[in-house]
Structures are given as structure tokens and as C-alpha cells.
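Just below is one structure, and these are the notes that go with it.
Order of writing sets the labels: A, B, C, D and E. Residues in every chain begin at 1.
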């Protein structure tokens, strides 16, 4: 059978997918064991036992000063910032992207601005951002939103602009106004793409969150990573990074399932059956 | 006329597009003038004259130590790193994305790995990158590639997987093997999307370049920005950021025009005329 | 910068700090209630805010977001003062006595640095220390190449086998020194008193609110008294500071041994009024000027500095960095 | 009958490719115009111009004597060859869309009894086109012919003055096609519609239409085929009583 | 003639929706089977199963007595209702695609004289379907009917043993349609093809086919219409000499 036609069952797929990840873990363990054999105090590739030990304190022992369990306090703070940043960016992408995609005059006016903002690396302007918005969470949330919104806006605008012209014409012949077309034709068809754009933005959003927390913060996953980096405590950094990856994958899966559930017409339905 | 039907001429479009950008510049000048009225030495919002003065040295006076014109040396070094990083990421996206999108067994095997890498913020694992790749340009190029490739791969794989099943079936009935389908059906149809993915990746690529150059470097646009950040020389940072934006826009435009030129079938042709 | 005209009387003040052995007393004082005690005494409110990134904390102060900040003498000169922000150093907390160092791999004498690629945070005190080290070794900047390295990443960078020379400060320095085959060939202990760690405040704010300065001095010396005690209470205080710095108590204690803390206000006043300070600052500003840190200035005299007893250095008409011993003196005299 | 629509020297060109060439035409209110012609002649382009979706490159179109507004509206309904239904709406919602837009300018959605009324009307129309069983399917779940019937229901429910049909029955089987013929003939006479229909089926063109228009090129240069456009080469008014049994193709 | 293709108790189901129900059928080599039936009956699904694109949910399909390999290959050509041509290839390249794949396993591209030969063959085939003027257009620049003709040329050039056609002539005008009928009849008899063609045009079904198969549901439960699938309700072998003039529809 041609490879292109080989379908993989759910079970096989799980096994195959685990393979390279397990291989990578084994490689890590091997390298870590080697380094530890050469230097038992090696900090760069800690052994799992070392990580467990380092994480124990953060996970289970309340911080004597604040009374918080640091790991959970970090997670909560970061998730809040990330959630707000993603929320703002998503709302902006939906509103601006929709209007930009469907109304040529708005596209002409705002398109170049959005492009310009999209290409300015926000990291380079951090001082201005922090000065304008202060050192509180606002600046970090703004960094996330500014970092990912332009890409999302352009993605959504492109998607809306690519709606078949026939659909818009059809809606107009059915008496729909510009507003009604936006609300009932473009908006719902944008939603699955919006969730997709959000998925793709998750990676950059974490990067911006960590960069923001690295600069000014006193709690958060990125703060902790940069705090202990001074001591090259990879035994804390690696578990934190894995935890971030886990959170990100959970969000990714939630978005995929949510989209399937909410917008069945956009998924798989069309795998079979011909269309006019 | 409904807003949705208002088409904008090229000339109008230029004027409208310039509007918000000019407004933003005016706002900046106003704020800067205000701050300078209060404190003539203000460093945060420099006046254009101050920027011109600061840039003059970098643009035209050779650095006494190296004999280079710093601005151009920075630009060259950064563009080289960026180009290599983008090149590697694009090649990876094309190869892996294509194979991932079209061969279910490969998708099952590598999909989860790519997703995992995509969600790990590479900035957090820098020490491991240093150990593996050293501190020279290799690490910076790798940071860019690792930062943007997974998103591009997922984008391309998704696009390839969304090719109408009928096309693949049709190709098989015409005697095409899996390899020929990849080469002659999937690959060429992926190319315009690849350029599009590259466009969207430009923003993050600059972010990773600047972050990489901030970490350890002795030349480069990001190096200069982070170096002068030490004494809040916004009169250098702002021109550098504008220059980066200009370079990025030039690349963006080049990619759009290139795609139109190379792949006319993917653009505009279908604006009119009905399809079966 | 001080864009708005100096505020008259204020009630709320903010000072920024970042992690460094000599500055950990500030967050500890906040936690232990010492800050609140002294602020209440003068009827004001003081917030002590952490900024993870040192440069950003100084930039924020320069931009007017903080009324005061913890900063090294060189950075106080090159960032706020050179930016036209009139700044007063009211507490000289310590000098680095080994907290900054030059590290080499596979060599144990300073001369071996010749021809190497040196990783360091450029234009920082590390750069200054390197300049002093080269001077002592009879070398110049032409004999080495420098690579700017962010202070957060220098530990990871130094772990890379390719990197064999670096300049860093604590806590990074002690971690880097712990790696196999690494030798410290020069440190700030070789140039005592040249790298000072200060608390600086906005001069205009201070003039309008002298109580702010008094409260800060009160806080500092009460905290000093607690942390130098060799009993359980002192130990607990130092452990709390270690925790705030993300370090173990042992590591933190070892960092303190290379930090010369002016625990006694009298010693601090003496250091501030001593002519050695003028000599040090002359060196520092000459170095800064040579590195282009006084933007567009025609000479190193462009930025004026004022010292106790009316002494000045540089342009006396444009003094933007003032070493003000008066509040330390009040502490020494028990007048707070 | 009075003239509803007039074309005056209308040209349609794409770059240097001439598609329609100097068309002059008057269409009377209440007529049923069948348009036939070879594939690629420009029949769809002709419909798009009348619809207001594309502007003619030269010439003028008059509606009731006034220049046609260059955008489409609810006075002209359309069924395209494809892309005619909204993929994100189920069959019933697709059909009620026009009613909901008319009844709720702000939300484009009806509620309560207004909604029930609109949906009942939509159900009735769907039953008439033979989709009474498929009210809750999405377009992607339906065959090509079913989608086309949905598009017809969607357009008819708005009772437009002019209805433009681009091969609306091409994908239907003879049984359904005969039903649709009857339905459209009934609605045409009941509501006084004016219909312009492109078709490939000459028999259909003659049995339904009151007038048959054949589009084709008058001249043909083998070396530059694209330099000549099509125009109406035949224009046959059919003076007949309206067909009662318009199709004899039913199996 | 010998049996080429056999269906044994074949069912096609999507979830609980039964589309085809217990089909049993033998198709002889060299026959021309026309498939008719109402819209949504499952004609396209029937073709997909024979093509190997979908697997039947129950039952078995035999080709030359051996179970059908569950993937499609060059022995079975197809023209779909849509998506049948490659949007990134111009007309000529689309047509030559099959020849290039056969001639160059590694690159899928021919060069030199082999290329000239393949492209000449493609041009000839395109001339036969009436696209001789449009060799360098992209599909997006062509009308629906032109794309369909291209798809037919693309499939025919490979001379498959079995050719599956899903309403191939639905979008063509009568003139071209008659030409295509003649072309397909000629190739069918010249190359001994076996053709299965879905059509909505009963006249076409009878004039071209050697056998007409009508797919429809045998039972119909108004409360659960989807629980019963279609099967061959009529199966009419037409014993006739091969039609010489298969269509009388030409205008």
C-alpha cells in the first residue's frame, strides 16, 4: 500500500508518537549520566533525582515569607498574565481582523499600520513599554498582546478577505447589510480560524511572557526561571520548562477539541461526500 | 454604496495607509517636545535632531577599535544570522511539513514531537543550547531556527493535509507514486503557503535574533540595542528599531511580490470567473 | 527623567531594587516591617519594588518611575546623571571587595588574559573592573576582545567549553568560579573601594521631602544592625535575604564575606568625605567617557559631580550626581 | 409588458481578453429569459454584470430606465454554479437567512414568534424543493444536487424581482428537476418574477423560457481567439401560453 | 464478455446513515454502465467505493476475481464532479501529468524528446476536447465547463481499463457535449475501456450506455429516512450495436 494511503489507528498513532519523545528522553538521561559520571556536581544536565529534590521544596513547602507554595503561585501568576494577554490579543484579532478583512477602506487605512507594528520586535522597545505602562502586570500583559496580536490580526484579515466573493454577493442579494454580513457571514466563519490562530500564537505568547517576567516581576514561571538561572539551577529550570510545555499542550488540545465541538461544520464533515 | 463594496484606488490607498502612521509620528514628536521642554537632557523620547546626531557617529565614523562603520557592520551581521536562521527554518518547514502533511505514518510519529518542540519556549533552555552549540553565531542561528521552524512546520503540514483528497486520488489514478505526488502535486502547491508562512515568521524571527544577540555578541543590531539600553540611549534604539522595521517591511514586500510572480495561479487569478 | 517640575510635598515613595548581595537588606527590611516602621515615623509611605533586571531598574528610575534605586557608582553616573537627572547618593551601602572578578579557564595569572575573548556585560562595572585589571597587568583593551553577555546568561555561557575568560559579579561569579578548571585572577578586592553600591534618590524629591531621606537612612542602619548580629536573629535575617536572592544561606554568607558593608554610619560618612572618593570617581568617569558613555560630550567634564564640603568634579554648573553624606551623618549622630 | 432591464453597448473584458462584445438588449418585466451558449462563451459573466457583482468595462445597464447601481441587493436574487450556500449554517438556517436579515437589522437574527414564523416559512420552501428531510444537515454533508436545491430555496424565499440562475438544475436528477421546473414556473407566474436563467439544456431553455438568448462569438480569429467577445447571436421570443408541464424528461 | 468487477453484499455507511445497502453486481469487461438516480442517492459514493478511495463498510469488491486493492491506481481513471484538475498546473501540464509520471519515476518530469512527445500527445487530446486554444491557461482562468473538459482529457490520456465518470458532461453545452460523446464512444471502443458513468440525463444514459443502473432506496421510512440505503432498483442491459451518433441534443 502506498504510504500516502496508510491510515494509522488511534492506538498505533499513540505508540508511534511516543517513540521519538521517549528516544529524546533516553538520550538526555544518557548524556546526563555521562556528565555526572565525569563530574557528580554537574549542574547543566541534572538527573531526574536531582530535579525531584529541587522541585520538592517549590512544590510542597510553603515559602516561609509569603506562606505560598511557590510553584503554584508562579503558575497562577503566569497563567493569569498569559490568559489576559491572549484574551486581549484574540479580541483584537477578531475585531480588527474582521473589519480589516471585509471593509476595503478600513483595510487601506489600517493595514499598513498593522503591518508596521507586526514587524517591530517589541522586545527592542521594552524600556518604552515599561516606562509607559509601569512595572506591574499591565506591561507584561501588553507585551504578550502586542507581540502576538498583529500576526493574529493579519491571519484573520487574510482569512476573511479570502471568503469566496460569491458568498458576500449572495448575502447581499438576500438583503444583508454590511453589518449583517460581518455578523452572520464573516464572523462565524472566522471563529474556527481564530482558534487556529490562537493555537499558533501560544508558542510566541509563552516566549513573550517569559521575557516580560524576566525583566520585572516577583512571581511567575518566567521569573523563577530567570532567578535561578543566575545559579545555573537547571534542576529547577528543566522541570519548569516541561511544566510550561505541558500547560501549552493542554491548551492546544483544548483549543482543538473546542473548535471541533463548537464548529463541526469546519471540521472533517467534508472528509467525504462531494460538494457542488 | 455599501462599505463592503467600496473599492479603494491605489493612490487613495497610499494616502489612507499613511494617515495613521503619520498621526503616530506626530504624537511622538509632540510628546518628545513636551518632555524636552521640561528637561532638555531627556533620554526617553529623543527628538529627531538628537537621533540624527547619535546615528551620525554610527553611520559615518569608523569605530576606532575595529575600523568598521558600526551601523553597517551591525546590519550585515544581523542579516547574515537572520538569513541563515530563516533559511534553515524554511527548509525544515518545507521538508518536514510536506512529509508530515502527506504521509499519515510520519505524521503519527513526528507530529507530537513537533508539537512539543513548538510549545517549549527556547529562551528558557538557553544554557543547554550554549553547551551544545557554543556561543558563536551557530547558537544564535539555532535559536532563530528552533524558535520559528515548529510553527512553520505545523502551518505547512496543515496546509498539505488540507489539500482536497480528490486531488491525491486523481494523481494516483494518473499513475503517480507517493514520491511523485509529493514532488509534483503537494510541493508546488505548498510553495506559496511557504512564502506566506515565512512572512508571518519574520516578526518572531527578529525577536529571536534580537534576544540571541542580547545574550552574547559583539556585533549586530540586537547587540547594539541591548548595549545602549544600559544607558537608556533611546536616540540609538529608536532609529535601530525603525531600521529593523524597514528591513522587515522590505522583506515582507519582497516575499509578496515574489510569490505573485512565481506562483501566479495562487493569486488573484481566481478573483473572477467561476470554477467547477 | 524628571520631566515634571519637582513635586512639592509627597506622601508615597517607591524605591526599586534588584538582586545583589549588598542590596538584599532592602527587601528584607520591607518584609520585616522595618520599612513600615520608619515610614510611619515620618508620616510617609515607602514601597520597595523588585525589578528582576538590574539595568531596567535603573532605567525606570531614570524615567521617573521610582523615587530611588539601588545602583553601583558607575551606573549612577552613566545612566541617570549623564541623562540629566539630578541624582543624590544618600547611602553608600558597601563596596565590592571581591564580589566582582575576572575568571580564566586553564590559567592562573592575569597576564594570560592577553589575546582572549572576554565575556562580560559591556559598559557595566565588570567592564570597569576589566579596565583596571588590564591596567594592572600592563595591558590595554587592544590586547583582548570583548563580547557583550547579558548578566542573566553569563553563567550558562561560561559553561560552554569555548568560553575561557569572563568578568562577572555575584551571585553569578561564585557559581562560575565553582566550575572545574576555573581560576579567579583578579577581583574587586584588588581595587578596594572603587566599586560602590549606593542608594540614590531624585535630588528634587529629596529637597522637597527631607523626611524621605531620613526614613531611608533609618531603615538601612536598623537593618544593618539586625543582619550583622551573630545570633539566631541575625542568622534568620540573613537566611531570609538568601531566600529572597534565590540562594542558599551558605552561598549568601559567602557572598557577604566579599562585600564590605558599611554597617556603621560613621564609616560610611568617612568614606563619603574622603578624598579617595573623588579619585575613584575621576577614574570611573574617565573610563566612562572613553567608552562613549557621555553622549556627545566634548570632554569628561561634561557631567558635574558634587562631593561633601562643596567639592565638585567636572562642570560645576551642571551637577547631576551628588554624594550627600548628611543623612548618614544624622544616623551616625543618632538624630533620626 | 414594460422594459425592466436594458443593456446599452455593454462590453466585458479581462485585460486584453474580450468576453462580451457590444451587447444591446431589452428585457421586459415578467419575462423568463433562457440563456444558452457554448462553454466559456461568457454566460456567467453576463449574469454577473446584470447582478451588479462586476461592472461592465464599457457601456451601461439600466434598471427601470435608471442606471443600475453598481452593487447587488435584494431586488436581484441569484443561484450560482457553486459557493451558493453558507457552509457554517445548517439547511434551515441557510434558508431563513434572508428573512432574518430583513426582520432584524441589528442582530440579523429573529427570536420568539417572528423566528418561528420565519422558520416555518423556510421549512415550507425546503419541502417544496425536496429537502424536507434534511433540515439540520450542513452543506458539507449534502450531495452537490442537494446543495443546489438549497441555494434555490434560499433565493426564492426572498421573492426577488429579478432572479438570476446559473445552471441551477444542472446537478439535479430528472425527477427532482421536473418538480423544480414546476415550482419555479409557479413562483414565476404567482409573484410576477423576471427570471434570467443560464442552462446547457436546450430543451429546458425552450420549455421554461418566454425568450431564448444564445451567446456566442460572431467572429473567430484562430490566431487570437481571445480578441473577439461573444454577443447575442440568436434572440428568439417564444410567444406561447405559459408551460403547464414544462419538462418531459422525468424518468 | 468476462466479468471484470463484482460487488458482493456491499454496504456504505456514514455513522448511522446508510447510503448504499447490500449491493450485488457484476460488471463485464468492455461494458459502458450508466448510473442514474435521484440526487443524494449515493451515486458518487458508489463510484468512490469502486475507485478504491473509500472502503465499503461491509461486503467485498472483486476485480478480475481478486479482492480490489484498497487504493486507487492507474488502472482506474476518474473524472470527479469537482476538484478534478491541479490548480497549479496550466492546461497542457495538467494533461501531460499522467504521461510524465509514467515516464519519469524519479522526477515526475520529462525532458527533451520524451517531453516533446508527451506534450504533443497532450495537445492532441486537448484539441479533441476542444481546448486546443487554451493550452497555457490556469484552471482558475477557465469556466466550469472548460475545467471539466480538461479533467476528461487528463483521464483519457492514460487510457485506464476502467473509467469512472461523475456527471462529466453536466456542465457542457450541447455542441461540446455531442463532441465529447463521440470522443468517449470512440475511445471506449478503440481501447476496450470499461466505463461507469453517473449522469442526470436519462437520454444520455441510454444513448451511451450498454447498461443502465438506477440507484434508489427500496424502502423509505419517513421518520428515519437515513436508516435505509439505496441499491440498484433497475438494471437494464441494452443489447444494441454501439451507438454511432450517440446524442441528438446538439443545437
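By definition in this document, a residue touches a chain if its C-beta (ideal position, glycine included) is under 8 Å from a C-beta of that chain, and two chains touch if they have at least 3 such contacts.
For clarity, every value in this text was computed on a predicted model and none was experimentally measured.
**Student:** To get from chain B to chain E along touching chains, fewest steps?
**Tutor:** 1
**Student:** I need the common contact partners of chain B and chain D, sorted by label.
**Tutor:** Common neighbours, chain B/chain D: A, E.
**Student:** When all chain pairs are ranked by how many C-beta pairs they have in contact, which pair ranks first?
**Tutor:** Most contacting pair of chains: A-B.
**Student:** On a CA-centroid basis, which chain has its centre farthest from chain E's?
**Tutor:** C
**Student:** So chain A and chain B: same face meeting same face, with over half the numbers shared, or different?
**Tutor:** At the contact between chain A and chain B, which are copies of one sequence, the residues are largely the same (over half shared).
**Student:** Would you kindly tell me how far, in whole Å, the mean C-alpha position of chain D lies from that of chain A?
**Tutor:** Centre-to-centre distance between chain A and chain D: 46 Å.
**Student:** Could you give the separation in Å between the centres of chain B and chain C, each centre being the mean of its C-alpha atoms?
**Tutor:** It comes to 39 Å between the two C-alpha centres.
**Student:** Starting from the mean Cα coordinates of chain D and chain E, work out the distance between those two points in Å.
**Tutor:** Spacing between the chain centres: roughly 29 Å.
**Student:** When the C-alpha atoms of chain A and chain B are each averaged to a single point, how far apart are the two points in Å?
**Tutor:** Chain centroid spacing, chain A to chain B, equals 18 Å.
**Student:** In chain D, what residues contact two or more other chains?
**Tutor:** Residues 44, 71, 80-82, 142-145, 171 of chain D touch two or more partner chains.
**Student:** Among the residues of chain B, which ones contact at least 2 other chains?
**Tutor:** 2, 44, 127, 131, 165-166, 172, 177, 214, 229, 232, 273-276
**Student:** Residues of chain C touching 2+ other chains?
**Tutor:** Where chain C meets two or more other chains at a single residue, that happens at 59, 63, 153, 155-156, 159.
**Student:** Quick one: which chain pairs are touching?
**Tutor:** Here the touching chain pairs work out to A-B, A-C, A-D, A-E, B-C, B-D, B-E, D-E.
**Student:** Could you pull out which chain D residues touch chain E in their complex?
**Tutor:** Within the complex, chain D touches chain E at residues 36-41, 44, 81-82, 133, 142-146, 149, 167, 170-177, 200-203, 214, 225, 249, 251.
**Student:** Can you list the chain B residues touching chain D in their complex?
**Tutor:** Interface residues on chain B, with respect to chain D: 1-2, 5, 272-276.
**Student:** Would you tell me which residues of chain E are touching chain A in their complex?
**Tutor:** For this pair, the touching residues of chain E are 14, 44-45, 48, 54, 69-71, 80-82, 166.
**Student:** Residue numbers of chain B touching chain C in their complex, please.
**Tutor:** So the residues of chain B in touch with chain C come to 34-35, 38-44, 53-54, 65, 126-127, 130-131, 134-136, 214-218, 223, 226-227, 229-233, 235.
**Student:** Residue numbers of chain A touching chain D in their complex, please.
**Tutor:** These residues of chain A touch chain D: 164-167, 169-177, 179-180, 183-185, 188-189, 263-266, 269-270, 273-276.
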